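Everything below concerns the one structure shown next.
In order of appearance the chains are A, B, C and D, and numbering begins at 1 in each one.
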Amino acid sequence: MRGGTTRSGKSGQKLWSESTQINHDIEIFTAGDDYILDRYLIHYDCIASIAHAKMLARIGILTAAESKKLIKELKTIRVQAADGSFLITPEQEDVHTAIEQRLIERLGDLGKKIHTGRSRNDQVLTALRLYYIDMLDLVENRINELQASIKKFGKKYGRVVYPGYTHTRKAMPSSFGMWSGMLYDSLADDKRLLKTVTRILDQSPLGTGAGYGVPLAVDRKHTAELMGFSKIQNNPMYAQHSRGKFEGMLLHLLSHIMYDLNRTASDIIFFNIPELGYLQLPDDFTTGSSIMPQKKNPDVLELIRARYHTVAASEMQVRSVAVNLISGYHRDLQEMKEPVMKSFAITSASTYIMSIVFQKMTVDRDACAAALTDELYATDEVYSLVKEGMPFRDAYRNVAQKYRK
Amino acid sequence: MRGGTTRSGKSGQKLWSESTQINHDIEIFTAGDDYILDRYLIHYDCIASIAHAKMLARIGILTAAESKKLIKELKTIRVQAADGSFLITPEQEDVHTAIEQRLIERLGDLGKKIHTGRSRNDQVLTALRLYYIDMLDLVENRINELQASIKKFGKKYGRVVYPGYTHTRKAMPSSFGMWSGMLYDSLADDKRLLKTVTRILDQSPLGTGAGYGVPLAVDRKHTAELMGFSKIQNNPMYAQHSRGKFEGMLLHLLSHIMYDLNRTASDIIFFNIPELGYLQLPDDFTTGSSIMPQKKNPDVLELIRARYHTVAASEMQVRSVAVNLISGYHRDLQEMKEPVMKSFAITSASTYIMSIVFQKMTVDRDACAAALTDELYATDEVYSLVKEGMPFRDAYRNVAQKYRK
Amino acid sequence: MRGGTTRSGKSGQKLWSESTQINHDIEIFTAGDDYILDRYLIHYDCIASIAHAKMLARIGILTAAESKKLIKELKTIRVQAADGSFLITPEQEDVHTAIEQRLIERLGDLGKKIHTGRSRNDQVLTALRLYYIDMLDLVENRINELQASIKKFGKKYGRVVYPGYTHTRKAMPSSFGMWSGMLYDSLADDKRLLKTVTRILDQSPLGTGAGYGVPLAVDRKHTAELMGFSKIQNNPMYAQHSRGKFEGMLLHLLSHIMYDLNRTASDIIFFNIPELGYLQLPDDFTTGSSIMPQKKNPDVLELIRARYHTVAASEMQVRSVAVNLISGYHRDLQEMKEPVMKSFAITSASTYIMSIVFQKMTVDRDACAAALTDELYATDEVYSLVKEGMPFRDAYRNVAQKYRK
Amino acid sequence: MRGGTTRSGKSGQKLWSESTQINHDIEIFTAGDDYILDRYLIHYDCIASIAHAKMLARIGILTAAESKKLIKELKTIRVQAADGSFLITPEQEDVHTAIEQRLIERLGDLGKKIHTGRSRNDQVLTALRLYYIDMLDLVENRINELQASIKKFGKKYGRVVYPGYTHTRKAMPSSFGMWSGMLYDSLADDKRLLKTVTRILDQSPLGTGAGYGVPLAVDRKHTAELMGFSKIQNNPMYAQHSRGKFEGMLLHLLSHIMYDLNRTASDIIFFNIPELGYLQLPDDFTTGSSIMPQKKNPDVLELIRARYHTVAASEMQVRSVAVNLISGYHRDLQEMKEPVMKSFAITSASTYIMSIVFQKMTVDRDACAAALTDELYATDEVYSLVKEGMPFRDAYRNVAQKYRK
């Protein structure tokens, strides 16, 4: 929330002149939380910078020795990122400045050459895209784990019949095989969408500069290959246009997945109310009340349900930031980092927690059996009459008279 | 807006008793605008009902003769739908009742058999899905047309250099080839998403009943094949769950496409302001002012820009209607028809209008040339120094001193 | 949905030249549905035009006789609007053109004078604002009716104790007096917001022209008084800026009210499930199923619940249309009419229907009594121990051991 | 983003058993970031707890001496909160546990008595509401500062005439007095809304327990007075219902204010493009490009523009979290803290930064004068003819012929 807390420290006003204070306030406002969020990007910026350094040697901007020195330093940073020892200070504002400053600090004039042939714009795009593709892979793995949990749940409880609901009212007999299969199949379709999103993201923006190319014969295919992209994103203006557009697509995918979890959590919360009791949750998944000693509340599932809304709102935010604006980079786009990163964190964690829920949750067979009251079979009665030759509408009216008074 | 206008007519209260009036008000509130919107679905419900009738004969519920009679009647309705002569009255509420009533009216008891083995729920799902797939096809064609227009525009004006912008400020030289290519490539990626969405939709829900199957051995594969679906949506609960979920995916796709048009319209409006004048619009695309006789306003492009928001809001509406609810059909889902249909209409029309814009819009070569001021080439100056061996950061600072006073 | 359906008629292409066809398509796209929506505005545009004509006479632009003639004609239109006989054709596009054309048709050159001293922009703003203020009044009346129904319900059933829920689980004893009082009090606060919104809207925009005033000494205070506004909206640019801003505020208010109804409908749907049965709905409020003859579904309440989302999405649409745009009118703003009008219709109808629900709904005292199980009184047990001197936390733990195994 | 990062540390899995790991993961998922966000609430929870302790003495639950001891400790915590020395650990999860634990740690059994007569639910509601009211006061002050800056700007530049725009095209002469007055007046109306929101919030929820009251004769009026509330929120269920409802209203207000800033920032960015140059920004408000040495970009204004979307998305999130749910507390509501706090921070900071912008920004009188081209006066020409007696429509057509070729 750093982008918001300007002019909080009154004491600062004594030490500084008014205009220094104002400059400081503007800096804080402008930097936002990037220096914190960018910790997740150090690894990816190193990968991209390594590819870039190799390419610069290939086209003769750097010597082989210079390129090696830069790469060695970048690999060190990548290692330090993994163990948390590479830090980005608020003054550096973002990961890209922090890395470039480190390179200059260690390698002097050579460090000043790393930014040749690229702009901050394509550098950010590239690091983010590598990060997104990795996160999508993580989310896919989490979905696979959840599907495995669902399958196990289905094996144990799949044949248990319980009352299926429509309009939040008992309707016809269902089974926990059908119920859990609903989520399984829905996730399978989500993965189809995920694969397409990944394929669309899989194009390297490095070398597009600030959206109008670079006046240097950079070898874009080479860096794309080194980073593992299938192809380059050819049009530099499209590379910039895709900032916001791709994030919207990503967040749609994540909220699409969270939607499944929201509805499933809603089912579990409902089927677990003591009045029904079809599903039982272990104590670890419930929380007490500070005033009512008897309570066992399904907080974990409520939070999964609630966090759908955080991801959906993030989607909306990302989708609307750049709308109505002309093409080309605007600083507005910076505001997309936080909602995207937050949504990846929420979606992967929620999917993981849901797979534990499916492992630990049990079905109360007696409660289910007791709930299978006669009227659930009214449709079967209709079809008995249909099989005897009565037109459907007449059979329906016939049985309806019995149940609806 | 029919769902809203209850109790407007004071006169009605004289003729009716209070309770009749209340019942009437409730009916109006409940029916909403479905009887109007459903005109678009007559064709698709006929296709689905024909497949259903064939299948009922195949499994022995209908005789071959009965099935033929029903199909003949349904084909007549389909023809009448095309010329607008099949009407749905407010009292019938929706297309499904209207068609069933017609069949009963014409065929008596036989008409009462058509609903055997299905529920209103899977019937609606099926008609909508057929409609969606057709509309997606239409949208794809419109995108193809737009891409063709862009290509022609690119051939005529592709080499014209104009100032590319970042932060709404002149940045580096661009060309109308690069500019129009941005939209072309973006639409190409949209079509990849469109194809995946179509593939996910391509599963028949017919035979899933009200979400818990039908107590009759319906042949789902047969109806799926007759309607042209590649496979069946096996899990009945998933068929219901996909109502809302699929619509959200569809609307995301449509707003994804509209986003491209919104940004492109923003560019054209800006590049066309007299102070820049890079792009020129023919008079048919502009509108005057009621107070200022000199004005030529780009209303058509403003409306394309604005209608993005209608589609985006529709996406949000559809995505949130069923959230936090348990599984199984709820009447809430009915409210999705209007936003989806409206969004298809907007997206296909906007794409079509944009393809005309690209056909008719011209580039003012002189205005572009005049705008290519020196500072646009500052980056080239930097790279001249880099090529002479100066580290990038030093070259950058060197040139910066010249331009930033 | 007219704004969407261009190029549907293939036959048209034979009769017309290609360019005529294109012009026609653009016209349809541009006009949208305004000619339909504007029926609601005829009355208000007449009021504003009458005030305008009177003022033009006062400042000497019209003679007293001219003014009278115009006013007489405008009053006739207003009467015809009420009985539906004044029509706006698609060609006229909107109410303002339709009225001006009628005046010219009837009064010749005199009709051409009515637009002196105003722009279409302030004309639209004025008609809409008069309409909004009337609609807010209607909504307030509907809230008053609903509160009256709640009071009656409270008198009948207020003392009936039922289990209050937290986390969708029984928590502590509540009463239907407390439950219905929640909505009553919430609506009371809504009305405080409504009054402020009305007060903010209560400033006349007539005379602000296209947002930069009119080069004529119009008497704005006079027209404001004639139309019943408390003051004028002095700054012409603010008058334009308030388009979109005021609509956002209005729609927030409406969705704020619908939020109360959404949550109340959710309660009624839940308390009415047969497993609980605390509340009972008369048959008129329920609907059957096309496959399950036994079902009684609470469709009316589900639709109230669902229509919150339509209003909330409308709010979002209206709020985002003009965002990121510079000041001054844009055609984009036209797209706000439909969501605002729809939301007024939904909110007033839903409030009205909810007041009938509160009149007709009954409480099942036996079901409530049976549901008041022991553990609901656990908090009372804690407080018995507290009153005996045990610290709260110890008392809590003591009772918790009894209930949580 | 803590709520998202479960199972990140692989190493933990070695040290812990699987089930310990799972419990830990669930804890992290459940706690979210509350332990961080709640730092802002320490002060307010202390105020509420002090009032509560005084009241408990008054009704005889605590002795005067006990009450004093608790209050002394709470005042110490409040002081420590101000200098940052009172910490909330992740294990404590939230401010309320942290404070209660401290009291027990220092005062033993007496500490266990502080929670008598309240629930975590009304405790949270109360602390948040006190915080909200304080933040609204801060926002109002910031608006006052901004209005003062606008007034000064208006004094300096108010008479400078520049071309007013409609449809992003020059329309009629405007002045920077009119332009800045637009924001001034709009903020004045925002403050009217702010005052109403504050008044609606100004009702004490303390003593409503978990939404169904407390089985103890707490003196709610007394605590309300001690905390400075004008009245109590009488209905306990309404107190719970207002969680989410009030936050939605708050966030609407904040996004309503941010909307003004978004549109104003859009104007400044546009009027400052070198092609127009009406407004000039000092260097502190602009940022360079990493590739183009000549660039001066208006990042600060772009970020104000962009952060509207963050607040608008927060509004939507808060508005949708609890929708479709039955009454009574749900854990879902916890997810509202972050968007509300973030939005207060953004709105107050953006308003402050905008007031600096108005202090430092200058008007380029020459650029404005040069832009006042003839056609801007076309409407004046029309009115010259009108004054000579020509009907408006004819005068309009007459002048139009001159300008529209």
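Following the convention adopted for this analysis, a residue touches a chain if its C-beta (ideal position, glycine included) is under 8 Å from a C-beta of that chain, and two chains touch if they have at least 3 such contacts.
Keep in mind the model is a prediction, meaning the values are calculated, not measured.
J.: Thinking of A-C, which of A-D, B-D or C-D forms a repeat of its interface, with over half the contact pairs identical?
T.: Answer for the repeat of A-C: B-D.
J.: Measuring centre to centre, with centres taken as mean CA positions, what chain is farthest from subunit C?
T.: A
J.: Can you check which chain pair, B-C or B-D, has more C-beta pairs in contact?
T.: B-C
J.: Averaging over Cα atoms per chain, report the distance between subunit B and subunit C in Å.
T.: Whole-Å distance between the two chain centres: 26.
J.: From the mean C-alpha coordinate of subunit B to that of subunit D, what's the distance rounded to whole Å?
T.: 35
J.: Residues of subunit C that touch two or more other chains: which are they?
T.: In subunit C, residues 115, 121, 166-168, 171-172, 209-210, 214, 270, 289, 291-292, 297-299, 302, 305, 309, 312, 316, 320, 322-325, 330-331, 379 touch at least two other chains, as defined above.
J.: Would you pull the subunit C residues touching subunit D in the complex into a rising list?
T.: 61, 104, 109-110, 112-116, 121, 164-168, 171-174, 178-179, 181-182, 184-186, 189, 192-193, 196-197, 199-200, 209-216, 233-238, 241-242, 245, 248-249, 252, 255-256, 259-260, 262-263, 266-267, 270, 305, 308-309, 312, 316, 319-320, 322-331, 379-380, 383, 386, 391-394
J.: Mind pulling up the subunit B residues that touch subunit C in the complex?
T.: These residues of subunit B touch subunit C: 1, 3-7, 22-23, 25-26, 29-30, 32, 115, 118-121, 123, 209-210, 214, 284-285, 287, 289-292, 297-300, 302-303, 305-307, 309-310, 312-314, 316-317, 320-321, 330-335, 339, 341-342, 344-350, 352-353, 356.
J.: Provide the residue numbers of subunit C that touch subunit A in the complex, in ascending order.
T.: Contacts found on subunit C: 166-172, 269-270, 273-276, 288-289, 291-299, 302, 316, 320, 322-325, 375, 378-379, 381-382, 396-397, 399-400, 402-404.
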